[in-house]
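Take a look at the structures below.
Here come two complexes built around chain A, the first alongside chain B, the second alongside chain C.
So, the complex of A and B:
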């Protein structure tokens, strides 16, 4: 019998790691992700989990430790938040380039300055181009699901890539919700033990990461890029298996909410999607055909699925919870990729973006109503006045 | 804690050079300079450690000049680490084998985990990771092959570059005639000074291969973190004739510029203390990196070495490298 528990996002991540039977982990404290390591430390101390728990001397070391462990063929797990994520940045490319399928949980946090505990996606989003799989959960249940699904996809011999499994700090990491815990036997069926193809071992000497010549670089880059062409198929297989084994109904790519007849749509990732859905119900009562699309993956980016999901809308709002200072819209990141995804449509919806939830600010229902007002205006005027709105900082329109 | 036998290896002492293993674990196929001290260093370490070994190689000469893709000189498993994190990657490797052996996923002996880092990767940018590996008690050996500069990037000063050296970041000039004005860090003392789980630290030099190989074996036989500091003369960086590599190491010891010692459970033992030290100028005169120095600078260097020798004489017990006979039981 599957067991139900009230778990925070951090506790759910730790449960996911425990069910994945991780073998090496490395800790370093930084809020809000710390609770994941606290949970794992307790599990190990109580004998519930047989795993080496190494106290890293910083995030850079944390990722280095699990890199070494993964290279030897151990299933390795690590995590961080905020400036911890950026402190470890040097290692992201070596981990992905070395094809070490370790997992890093990120409970996101605003980058300094000034010091701020609040959630913001900028920390992890800064690392999105380092060759890892990446995506945000929106509920503690989805954190656990993503932990298992990511290991399965990352360790697939066709993929062999590390994974950032992200959740919003505090909104998700620290607020308990109902989580169905799987049976270990089910997990083992879904996620077989990790077997590294070329482990660092005296049994069969290998050299990992030797120096290359410049002309050897491009073929390797091309190979890494080509892997991302295979990843979608593996994700779809994994999610189908997950749904079958655990009796669930997860969508592989996008959560679509009231999109069947939507004229305006919010494009939003992470836990703020929950508020967004409440806002949509209210907006529907007011007569606005609103809907929501929430990507479950940032890498690989579901280009085609997003184009299809938004093709029949008239106006789309990217809700940006990360910054891209000086970028194309002078706002956030998501709109860049959403624009690219929609570009080839015969009839493109109008597109704008809203900077909201930065610094850990709550995105209120009223903020969504404000966004909806602008979407409605765009539809009426058949044009986009601004590509970015800083919610709460714009003159009334 | 569980009582697990991790199948720790015990390496026999090497009694003579003739008795050293014939088998090479570090082979031709690299691109190091003629007369390279660190390359010889690597060869001796790998020979002493043997087959069941995993090397962690942080960025440095021994990465860039050694590990060409598809043409690697390592006959044992080797992994590149960033220059920053040799100690951390080594810790992860050691931790992985703990779990893999405990879970029955690996049935060989516990590998010799050796981080082979340059001076920058040990006491400059790599200091944090090295110290943490020593502190946490991993069963692993951290080796600093010290060529006293960032040589691979074109001879820049590092914390172990001696006073007065001309490097590309400390060029002598009208205002700064001696080039490097600082005296170096002391890596083994950093380790000894603040890492309670470390039981064995030693210094050695490529010019004394038997001393070097036995210290490697002895360090590997210890169940826990160990540290070796190895002087690896660098013809390119120190600007001496490449046929003099071993001579430079010997002169370093004869002048007191370098000291061979072991520190074991709080006790120092010294090797090859000269009856009478030669003046440091005997060592410095062969090396272009010191050629700009004036008498007053050399005197300053001599005073530094004299002070060091005085401290040694106060505690010195001369002893050959003792090699362990008894197996230390794995935890």
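So, the complex of A and C:
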């Protein structure tokens, strides 16, 4: 019988790693992700998990260690937060380019401007173009689900890519919620042992990460880009298998909330979606047909699915939980990709974005009502006045 | 949408290759060389200073012919061997002066 436990996002990530029977992990402390490593260390000490636990001297070393482990054929697991994520940045492209399907858990933390420790998605979002799979969970349950699903997709011989499994710091990483723990036998059926195609081994010597020529760089890039054309199919297969084996009902790409008749929609990723859903219930009571779309993946970006989900709305708001200073809207990142996803629709909804949930700020119900007011105004005026609003910092005159 | 890599531009998956026993012939790295070292075998004393000083191990000793040999596939033209040679036996020659120079080849290697 499946067991139910109250787990924080960090504890759920560690449980996911345990059920995935990871073989090597490397740690270096930085809150809020640290609790994942504390849980793993405890599991190893208690004999619940047979795994090499290596202390790195920094995040760059951490990811280097798991790169080596993965190259030897181990299922490897690592994690970090905030400036730790950016300190390891050099490794991200080689890990993806060398096709090491290791997993990195990220519990978001604001990058230093200076020294804030709250949650903000900019740390992980900065690394979104390095060739990793990437997506945000919104509940501890989803953290565990994503841990297993990502290993399954990443280790698929058609894919062979590393994965960023992200969760909001504190809001998710440190707040417990009910999590259904699977049976190990089920997990083993869903996630067979990892088999590296060309592991480093004295028995069959191979060379990993050699110097290549400039004219070999472009085909390497094309090879990686071509892989991302296959990934969507693998994700859909994996989620269907997951739902079948664990008796769940996960959507492969998007969580859609009250979207059937929605006139205005919030597009939001991560745990703030939970507040958003409450706000939508209240807004509906007051007669505004609001809905929410939450992407479960940032890479690969679900272009087609987003276009279909938002096609019948009149106005859409991207709730940006990361920054893109000086970008197209001078705001966040999501609107760039949402714009590109909607551009080819015959009838595009109006589109704006809201900077909220930055630096660890809570996005309050009142903030969502403020956004809804602007969405309503856009529908009435049939135009977008501003492409970005800094919630709480707008001059209202 | 499909991405197709032409046959003549194919690369190994993830650049993972069989381990080279001596040198990595799949990834030759000398096509940015501007000069190449030329050795005068008469002046050469077989002291192996070039062998010891080359960062890319491009000098080796041919025992049969009793002479130093240069590996054109990996030499970047850094000229350390020229500077270090105590017998002044190595000199720099512009790559463009050679018919087989890396700059002349339509597709280097």
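Miscellaneous remarks
Note that in this section the second predicted complex is superposed on the first by the 396 of 397 C-alpha atoms of A that agree within 3 Å, B and C clash if a C-alpha of one lies under 4 Å from a C-alpha of the other, contacts with A are read in each partner's own complex, and residues count from 1 in each chain.
Basically, contacts are C-beta pairs under 8 Å (C-beta built on N, C-alpha and C of every residue); 3 or more make two chains touch, one makes a residue touch a chain.
Predicted model only: the values in this text are computed from it and were never measured.
With both complexes brought onto chain A, simultaneous placement of chain B and chain C is prevented by a clash.
In the superposed model, A:52 makes contact with chain B only, not with chain C. In the superposition on chain A, A:280 makes contact with neither chain B nor chain C. Touch criterion not met for A:127: it reaches neither chain B nor chain C. Annotation for chain A, partner touching more residues between chain B and chain C: B.
With both structures placed on the common chain, the touch criterion links A:160 to chain C but leaves chain B unconnected. In the superposition on chain A, A:11 makes contact with neither chain B nor chain C. Shared-chain residue A:67: touches chain B; no touch with chain C. In the superposition on chain A, A:215 makes contact with chain C only, while chain B stays out of contact range. In the superposed model, A:91 lies in contact with chain B only, and not with chain C. By the document's definition of touching, neither partner reaches A:143: not chain B, not chain C.
Note on the chain A alignment: of 25-33, 79-87, 205-213 or 277-285, the part of chain B that runs into chain C is 25-33. Across the two superposed structures, the residue set of chain A contacted by chain B and also by chain C is 205-213, 216. Every residue of chain B that touches chain A in the complex is listed here, in rising order: 51-54, 56, 63-64, 66-70, 72, 74-82, 84-85, 87-100, 102-103, 105-106, 108-109, 111, 128-129, 131-132, 135-136. By the touch criterion stated above, chain A contacts chain C in their complex at residues 97-99, 160, 197-198, 205-216, 218-220, 222-223, 225-226, 229. Interface of chain C with chain A (complex): residues 1-3, 5, 9-11, 13-20, 24, 26-29, 31, 107-109.
Taken in their complex, chain A has these residues touching chain B: 23-24, 26, 50-52, 54-58, 60-62, 64-74, 76, 90-91, 94, 193, 200-213, 216.
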